[in-house]
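Okay, so chain A shows up in both of these, paired with chain B first and chain C after.
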Partner chain A sequence: MQFMLLFSRQGKLRLQKWYVPLSDKEKKKITRELVQTVLARKPKMCSFLEWRDLKIVYKRYASLYFCCAIEDQDNELITLEIIHRYVELLDKYFGSVCELDIIFNFEKAYFILDEFLLGGEAQETSKKNVLKAIEQADLLQEDAETPRSVLEEIGLT
Partner chain B sequence: MPAVSKGDGMRGLAVFISDIRNCKSKEAEIKRINKELANIRSKFKGDKALDGYSKKKYVCKLLFIFLLGHDIDFGHMEAVNLLSSNKYTEKQIGYLFISVLVNSNSELIRLINNAIKNDLSSRNPTFMCLALHCIANVGSREMAEAFASEIPRILVAGDTMDSVKQSAALCLLRLYKTSPDLVLMGEWTSRVVHLLNDQHMGVVTAAISLITCLSQKNPDEFKTCVSLAVSRLSRIVSSASTDLQDYTYYFVPAPWLSCKLLRLLQCYPPPEDGAVKGRLVECLETILNKAQEPPKSKKVQHSNAKNAILFEAISLIIHYDSEPNLLVRACNQLGQFLQHRETNLRYLALESMCTLASSEFSHEAVKTHIETVINALKTERDVSVRQRAADLLYAMCDRSNAKQIVAEMLSYLETADYSIREEMVLKVAILAEKYAVDYSWYVDTILNLIRIAGDYVSEEVWYRVIQIVINRDDVQGYAAKTVFEALQAPACHENMVKVGGYILGEFGNLIAGDPRSSPLVQFNLLHSKFHLCSVPTRALLLSAYIKFINLFPETKATIQEVLRCDSQIRNSDVELQQRAVEYLKLSSIASTDVLATVLEEMPPFPERESSILAKLKKKKGPGAVSVTELEDNKREGGELNGGGDRGPDTAAMAASNASTPSPSADLLGIRSAAPIGAAPANAGSLLVDVFSEAGPAAPSAAVNDDGFLRDLEQPTETSDSLLVEGSGDSDSAPPSEDPAPPLSEADELLNNWPKLNVQTKPVEPLVEGGAQIQQVLNIECLTDFSDAPLLNIKFRYGGALQNLTLKLPVTINKFFQPTEMTSHDFFQRWKQLSQPQQEAQKIFKANHSMDTEVLKAKLLGLGTALLDNVDPNPENYVCAGVIQTKGQQVGCLLRLEPNAQAQMYRLTLRCSKDSVSRRLCELLAEQF
Partner chain C sequence: MLAHFRKLVPQLVRILKNLIMSGYSPEHDVSGISDPFLQVRILRLLRILGKSDDDSSEAMNDILAQVATNTETSKNVGNAILYETVLTIMDIKSESGLRVLAINILGRFLLNNDKNIRYVALTSLLKTVQTDHNAVQRHRSTIVDCLKDLDVSIKRRAMELSFALVNGNNIRGMMKELLYFLDSCDPEFKADCASGVFLAAEKYAPSKRWHIDTIMRVLTTAGSYVRDDSVPNLIQLITNSVEMHAYTVQRLYKALLDDISQQPLVQVASWCIGEYGDLLVSGQCEEEEPIQVTEDEVLDVLEGLLVSNLSTPVTRGYSLTAIMKLSTRFSSVNRIKKVVSIYGSSIDVELQQRAVEYNALFKKYDHMRPALLERMPIMEKSATNGPTEIVQTNGETEPSVVEPKHPPLVTQPANQANDLLVLLGGNDVPVIQTTMPTKPASAGGELLELLGDLSLSGGPAPAPAPSVPTSQPSFLLDGLSSQPLFNDIATAAIPPMTAYNKNGLKIDFTFERANPNPNIAVITIHASNSTEADMTDFVFQAAVPKTFQLQLLSPSSNVVPALNQGTVTQVIRVLNPQKQQLRMRIKLTYTLKGSPVQDLAEVNNFPPQSWQ
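Our next item is the complex of A and B:
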């Protein structure tokens, strides 16, 4: 996979993940072009399209479009399910995820994506394992918090 | 604001995001952002040391601002500080910032790499994963240099946690993609391959992506993965839908891993070991069988995952192309999908069938679906699906169904989306040519194409129909008759006029016996279109007219009258005017014999690959392997390379030109092949003689973009053609391995040379070993320049990018046009150019012979006119010329005063532009 974009029906970019080195200018140009192309498509249309020398796979979930660019030999249907699995992960983590969750907790959305996909390839497809990793990290934070405040209280810092 | 805020909330961040969302206008948003940036800047600069939490919060805000599309130029240092925090979320935000906003600041990279190194050696798996994610996200060369040797160790170490192994595998993959030279698997190869056997499905899923990429580059070293992959696949395929627990996705066992395994197998030929092969065939059959079973769930996820595996299996079957039974089964399965209610499946089935159509085992099976595919072309509501249907029709076309398919495609063209018309036109043209049994059908088809979609018929297409008509006597009469009829239409496309003009000019005599298409009727028909056409078409028509004079002497008076009228002979377009003048003179001066020689019928073209096919390949091609570009050159002082190639010997020029295709024509592959019959040098000098007798009428260039007249070609004054030969040693370069920069990028680079307009033709993506390719550069001078342009040739050879930089022998004097003038005129202008900056002078010692003839040759080679009897001192030389640039004409006067005793020269230049005086003076001083 070369990149993944999340954008709203109004064309606002909510998340961008690039797995190939591109300049900021190119990224903006690609984003603008793709958002326009995808938003112009009608609901019943096919989820795949050829774009430059890439294949675009996209799917709409409520107000958000999830859009992936894959290479010629990559599998479109499995990419569609990558999108779905990511949505499931977000949903499970946030509890019926909505666009606002992704706006306000964008960093979490990135962390979850990094656990699931790395370098554009599926790293861990088990929903349980991905969420376990994220929750462990959340716990780590709380653990780290507690001893420090205890230490502070007794004036050891 | 939503209530969700797991882990640790950052209240300040949430408030800021709310503020931004509440902004009513773009201006308000920018104002709010600037306020926040100022705030963060002051916090970072303040005396009070920030605690980790605040630092994290501000870095996170900066990240948010950046992701909104604003530039961020600070905060990197604070983010790097976060990396060394021992609190997970602070570290995590630091890494996220670095991953999104990489900075090539070397000082920073060192610090980042240091932090990564610490985390990698921390033995804390969560920290290790964060560090690996960062490397995989950034993937820069510096990181590859620092970590490429460390990561394989982590990947195969026995005590590494599974989650770390997964990250390490994909991290290594990313580094391998950016810097393959730095990732050396060597000793690790076998242990990496054995990760396919790992207990943990997640490890296998991650590792297989790495193994697939490595196998593509080094198939032999990784060969052992084939049998491992087959047995892994077999275990998954035969497992029950619940065996794999959380790796089962909507009742489909491990769909991602299955697809990746099938993809890995496509890097290799079918397994040689009979048992392995048998097992694999069994797997593929099971996958095909499962497609027929009733679905275990109504959810689209279930069918998508199942069909993803099916399509990947079909790809493997097509890749092997050796199992007729499986190929036919695959084709039948796809045939079912062609009528499926899911648009996605119809799309993929059409796409996949395209590749099946090229296999000899399944071509016939694919053909049985022709009606369904034609129906899809007519009824699909989504243009991308229709496009796939058109592709498939093209792929399944052969002699038996060509007429039906071409007819369907033609009728589709009338309503086709604009975005795909050009490609459709090319495809129709190719099919019509390839499967033409009788060429009258071919001619009809192409003329129909022009009628239906004239705007999308590129030059390649109409040139090609002319090539074919010229090469086949049996179709010439029919072609003349058909174009004559087509031109009767009240509104016909300009491309039709071009084809009509060319064909009637060559073969109008074949239909002239019929009084309804007598020579004059033909001429009047063509001429009735003349005024509606663009300049290039008019130029072509003028050439058709002179051919008419030869074919039908009875039209001579009428045509001469047309040529003589003011709108032709005084046309403001130089090209048209020149043709009118030259053709008029030619028709009145030359004898019938000479006329018949010059205007003889075009000789047949050598058989070659269709230029249309080449164009289609280019349209669809995988990006070029060799890319030519011009770059700015800062070096001063190019060599003056103006010797013989610009001399006065026009006959020699015409002769040499015959072997060097002129720039405008070579793209089309027509003109370069034209001069075959008569000896070109003779014909060229013959014409030059005619013109020089004719007096002042333009003696120099007769350039025909259409290649209609033979042996008349000379370069235009504002262009230079140049032959660049690519070195052909690339025999070991495999065609598709190295992704080259896309062509569009190269095009942009070409325009980096702002003072010259350089046109090149696209280059084939691959140069075979020992082969040579020609690149013709067409250069127009936009404004005067001093640095010679550089030709930068990039290509891949043996996997590595090669870069050759050649200086082009293009100097400002190449754009000279000589100007004859009298002594009086010369000195009058000399005095007009009297401002000090307009003059450039040099006094220098002679480096070469001061022989008069040599000096004269050099000065003529410069491109100016050498004026006799102008300077009172006969020892001196004076020259005059005009430099033609796009923007302006720069008049130049030159005086060279040799002093034989002192072996010295004084060179003076006066030009209407001071930079030109200086540049010419520098250039010339080196020559004497």
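Our next item is the complex of A and C:
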């Protein structure tokens, strides 16, 4: 996979993950073009399209478009499965995920994506392991926030 | 390097087997299939490893068959795995039974309701149709049905696949479907579809009449989308089918009466009416009921084209020339004279020039008119690939050499306008038997520019060029006289020469002429090394003057072995349209005994036959 984009029906970018090195300007340009192209597609159309020299696989979940760019020799159908697996992970983690969850907890979304995909390829196929890793990371985060009493907060003792 | 990994094939096969056979593992499971990601990965790796290796392919055969038959296809996951399996089977050296199984899976995909699956199937079938043609033919009807699908990507794929599947047996049925598709498809497809139809019709037409009918159908339905260079091709086709002239011109005339907005149709029709107008008026046609057309009606139509806003300048040129040709075939010459003289003051320079020249024909050179405007001989189709080659014929000769038999003159304008320009302006070319000194040079310049413009704009109308009066026979005759010269040269052998010989490196050039295009000289360089050490990283580069074009193909190797043990060969193709002396500057870089060596040299001693 070369990159993955998540954007809403209004064309606002919610998440972007790039597995190829590109300058910022190029990324913006690609994002703009791709968002336009995908949003122009009618609902009944095929989930694959050819764009430049890449294949674009996209799937719409509620109001979010999940869009992946894969190379010529990659399997499009399994990419659809990858997108679905990612959505399932988000769903399991957030509990019935919706776009707002991703907007407010985008860093968690990125963490989950990074646990699942590495360098554009799926690195962990077990749902349980991915979620376990995220849970452990969360635990560490909570431990770091030591409980402080009200007085300590104001600065007295 | 792959050999190192091929040892792992049995292990991979075992792992895959376990995956399929083993029980349910909830965390890796996707809709009943255990770990499809891993399965797809293993299949892909097997594909890479088995690609050109018989042993590994054999070891994989069983497991691939097993996966193909046991995977559930009700969900997308199963289909994803099957798709990967099919790709793998196609790429490795599998046995034919397995390949048939793969094609059948793809056929099943085509029947699936899911668009994605159909898209994927069409794409893969396109890849395999070259190798397993017969198997794919079985699914032809499904593919043709996909032409009617609503999705744009599927339609495009189905169209490409249909063209790939057309053959002599199914041409009639397929063409019906394709023409129907042409009617109803989006504009972006029409150009490709039209070109495809022309190609297929050319290759497999069962009869001339069918061919002409098909072409007519394409012109009338998708006329404005047809590519510009197909107009000359069609004209050439029509002249070739001699017995169909009357029928063709009649149908074209009728089509023209209906609709004059589609430029290619109008151009072809006006050309044919110009050529075969007499057949049209005489009303003889065996194939269809003859229609009664008078000369005036025909002239009305052609004049209508001239004044209509829908006609492009090119079309106007065609129709003016057609009117002029009819002056020898029809009896109402006065009317034609009037029309031609009106356009003598037209704003469009092209039309004006033609009209002025035709006027001159009427006034001063009336004796030449019949000879000039005679029927065109059958055009030779040049032997290069299909639609891109423009064939020009010139039936007229210069007035002082009015022979009853007009040799077909085939000048081959290559796709570059420059070649056309230069060929026609090649006054330096030897062997011109022209005796026409008196025509003003300025007119010649304009003609050249006009022809240059014509060919620059995608070569839309080489046909008008031949009927231009012989004020410039020198150019046209150049082609005439140089054509036989080309043929002679093609058969004579060209002696090889030594281009460079220094520091132990010797480079020989051997020549041959590329048959389809006599302007291309194919030079093979042989580099040999007489020193004691090998020359590594050997790179040969060549540069030629601007009037030539050079194409350097890849060398046989980068190492010139020592002591003349072997040679490095490389092929150079030089396009030499101006027939100027071939000169070349070569640059050699190589590493000898660890130190890099670079050298530049000029090669001037090419044998004359290589560039003449």
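FYI, the second predicted complex is superposed on the first by the 143 of 157 C-alpha atoms of A that agree within 3 Å, B and C clash if a C-alpha of one lies under 4 Å from a C-alpha of the other, contacts with A are read in each partner's own complex, and residues count from 1 in each chain.
Convention: a residue touches a chain if its C-beta (ideal position, glycine included) is under 8 Å from a C-beta of that chain, and two chains touch if they have at least 3 such contacts.
Only a predicted model underlies this, so the values are computations on that prediction, with no experimental measurement involved.
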Which of the two partners, first being chain B and second being chain C, lies in contact with A:Arg85: first, second, both, or neither?
both
Regarding the shared-chain residue A:Cys46, is it in contact with chain B (first), chain C (second), both, or neither?
both
So, does A:Lys127 touch the first partner chain B, the second partner chain C, both, or neither?
both
Identify which of chain B and chain C touches the larger number of residues of chain A.
B
Which partner chains sit in contact with A:Asn75 here, chain B, chain C, both or neither? Use first/second/both/neither.
both
Classify the contacts of A:Leu22 with the two partner chains as first (chain B alone), second (chain C alone), both, or neither.
neither
Go through chain A and flag every residue that touches chain B in one model and chain C in the other.
44-50, 75-78, 80-82, 85, 122, 125-129
So in the complex, the part of chain A that touches chain B is made up of which residues?
13, 15-16, 19, 21, 28, 42, 44-50, 52-53, 72-73, 75-78, 80-82, 84-85, 93-95, 98, 100-101, 103-108, 110-111, 114, 118-129, 133, 136-138, 140-142, 144-145
Would you tell me which residues of chain C are touching chain A in their complex?
26-28, 30, 35-38, 40, 44, 76-77, 79-81, 83-84, 87, 115-117, 119-120, 150-154
Give the list of chain A residues in touch with chain C in this complex.
44-50, 75-78, 80-82, 85, 122, 125-129
Contact residues on chain B for chain A in the complex?
1-2, 4-8, 14, 17, 21, 60, 63-64, 67, 69, 86-89, 92-93, 96, 126, 129, 132-133, 136-137, 139-140, 163, 166-167, 170-171, 173-174, 177-178, 201-202, 205-206, 209, 245-247, 249, 254-257, 259-260, 263, 266, 301, 304-305, 307-308, 311-312, 343-344, 346-348, 381-382, 384-385, 387, 622-623, 742
